[in-house]
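You will see two complexes here that share chain A, one where it goes with chain B and one where it goes with chain C.
So, the complex of A and B:
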């Protein structure tokens, strides 16, 4: 019987972006369930604040300042985490690029920025952490993309474009990792990067939305989902199926 | 929420819950503090499970129910509602499969599948939806074959009933979302169905093993406990954002080409 109160007991987890509302909810949830977490944040203040909240639960956890737009920075981040963690078995990619511009307003720089933050950053962390997971036949990778992949919102073409590739990368990694019991899943999140609520949301939800998102990530990270891989889960309170409000 | 008692004092109804996946859900939910009631056509298996459930919770109940008969379904649901009130969680595991190619499929067997796979779910939904709506909350979990979405060889008629059930479940979810009722499906792979037993029984061990390796990302059969864990996630507050979604519990079968010659060729050349 599993210990449901400590679903990630003794595990080492990496969350690439632990600074935004969703990311920090995930970091705290993992710590609550006994994991040691390494997470990236964009500034020291955010890192210290989150670390302060989990210090008692998970004293070995740490943060590193990380800008997902800086590919050398990501390599550095992965290297430092691997120095400190014996074996990372949970990886959460939670990229955040989000600029409101229509197609005609976007520039080549915007395009490069989106592809680096939402796509290449994931490839980089996979290269760093997938290999050891495969060699040890244990691991769960969760890639968080956006529900705008299938139901685009106005004025953010590169969000849909860059996030749209995460599903394919998820399935191909799941395919490679399947026989080594490395599971890879995607969450099409209805909570936009940096936000803390689903909008719009037909479902009446009580309490914190990011908490619910963190619970799904926990489910996928833990052995509760041991037969689930290569899947994409849409979290939007049913908004994608709604015709009439 | 306490994660070791995720369903503390919740009222749970599991239809077709006396064996296999339903039974695994019942025992797991009871261990998480839920008050579990089972409805099933199999009296012996039902009473057997009831004994085990009573060790967790004295109030557990078993109802004998004939899924093919709308009077029996209404009567059972009425008895449940008067015993416990509207359920917090309803899990439906009813389903029957008669695989055949279309030219060999009898219309009668399709009718039976429509009756048991779609109509029985509809009948129970119809009885429970009103009281759950009044209660302003709850979770419904429908066990469905992943053929509802993917289709496969030899299951045209069965797949049609499963697809119908999936569509009905998703639309039902939208109707009751404003009342805080979450409705989701678990899309089960072949290894968790009766077909999985047939493959395990009739094929040589080596051949069966090769089958799972060839058709799935995770190269083994699924376990009913893995389905129960997913149901627990959806039934409890852990799944509070999730509605109108299908959770594939199939080892990644739907995401790969079934004939993985590419993988083996690549291996051979590597």
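So, the complex of A and C:
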């Protein structure tokens, strides 16, 4: 019988963006369930605050300052994590690029920024952590994109574009990883980067929305989802399925 | 949230609860603190599963009846509600599979599959949903074949049934979410057809049961009208490299 109160006991997990409301909920949930977590944050204050909250639960967890727009920084992050963790078996990619501009307002530079943060950063962490998972035949990778892929919002073309690439990458990695027991799944989140509430939807939910998201990530990271791979979960309170209100 | 006891005190009805997946769901629900009633056709099998359930939770019970007959289903629902007092969770795990393509599928076989898979799901939902609406909460989990998403030769009947159940689930959600009744669907290779899939091995009843636990508990409180394939990524499978 599995211990459902410690679903990630003894596991080492990486969360690339542990600083925003959703990311920190994931880090805390992982720590609660017995994982040791390495997470990226954009500044030291955020890192210290979150670390303080999980220090008792997971004393070996640590943060590193990480800007997903800096590709050298990501390489450095991965190298440092690999030095400290014997084997990472859970990887959460939750990139955050989000600029409110229309197609005509955006520049080539904006485009590159979106692709680096929302797409290339995932490719970089996959290169770093997928190999060891494959060699050890154990791993769960969770890529968090946005439900704007299906329900675009006004004034954010590159969010939809860059997030739209994550699904394909997820399924390709799931194929490659399948025979090595590496599972890869995607979450199309109804919570926009940096926010803590779901966008409007048919389901009226009490309590914390980011907690709900963290529970889904926990499910996919743990053995509860042991035969689920290559899937895209839409977590938007039913907004995508709703034809008429 | 107590992750060791995710369904504490909740009342669950599991149709097809004496079959391999239904049984695994019922046992896992009972382990997580739910009072479970199983409904299935074979009396001996029902008794066997109820015996195992009662070792976990004395308040569990089970009833046998014809799952193809509307009156029998109505009676089974009455028994279940009497035993539980109400219903918080309904798992439609009853189903059957008979092979055949559009030409070779026997009329009787097709009708039998429709009855056992689709009609039983709709009839049980119809009978139980008023209690959930009264309680202003409920979780419906329909379990069917993953042929709803990808096709294989000679499986016309079950593919049609699975597709119907997936669409029905989505509709139930949109109709009843205002009463806080969630409905979700789990699809898996339940027909036992050997298919190549990206993830090595094959899903066991426990894999499906864990997915059913996930949909029944608060961990998935955001997710409605969804379909979760427990099939190792088979629905996206096109072929491995070099083949």
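By definition in this document, the second predicted complex is superposed on the first by the 242 of 245 C-alpha atoms of A that agree within 3 Å, B and C clash if a C-alpha of one lies under 4 Å from a C-alpha of the other, contacts with A are read in each partner's own complex, and residues count from 1 in each chain.
FYI, a residue touches a chain if its C-beta (ideal position, glycine included) is under 8 Å from a C-beta of that chain, and two chains touch if they have at least 3 such contacts.
Note that the coordinates shown come from a computational prediction; the quantities given were computed from them, not determined experimentally.
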Fill in: Clash or fit (per the criteria above) of chain B with chain C on chain A
clash
Worksheet item: Is A:174 touching the first partner chain B, the second partner chain C, both, or neither of them?
Response: both
Item to complete: In the overlay, answer first, second, both or neither for which of chain B and chain C A:7 touches.
Response: both
Worksheet item: Is A:225 in contact with chain B, with chain C, with both, or with neither (first, second, both, neither)?
Response: both
Item to complete: Pick one for A:213: touches chain B only (first), chain C only (second), both, or neither.
Response: both
Item to complete: Enumerate the residues of chain A that count as touching chain B in its complex and touching chain C in the other.
Response: 1, 3-5, 7, 33, 171, 174-175, 177-179, 181, 183, 190, 198, 202-205, 207, 209, 212-213, 215-216, 218-219, 223-231, 233-235, 237-238, 241-243
Worksheet, complete the sentence: Residue positions on chain A within touch of chain B in the complex are 1-5, 7, 33, 171, 174-175, 177-179, 181, 183, 190, 198, 202-207, 209, 212-213, 215-216, 218-219, 223-231, 233-235, 237-238, 240-243
Practice prompt. Name, in rising order, each residue of chain A that touches chain C in their complex.
Written response: 1, 3-5, 7, 33, 171, 174-175, 177-181, 183, 190, 198, 202-205, 207, 209, 212-213, 215-216, 218-219, 223-231, 233-238, 241-243
Worksheet entry | Interface residues, chain C side, partner chain A - complex | 1-4, 6, 31-32, 170, 173-174, 177-178, 180, 182, 188, 197-201, 203-204, 207, 210-211, 213-214, 218-226, 228-233, 235-237, 240
Worksheet item: Taking the complex as given, what residues does chain B use to touch chain A?
Response: 2-4, 6, 31-32, 136, 170-171, 173-174, 177-180, 182, 189, 213, 216-219, 222-223, 226-227, 229-230, 232-233, 237-245, 247-252, 254-256
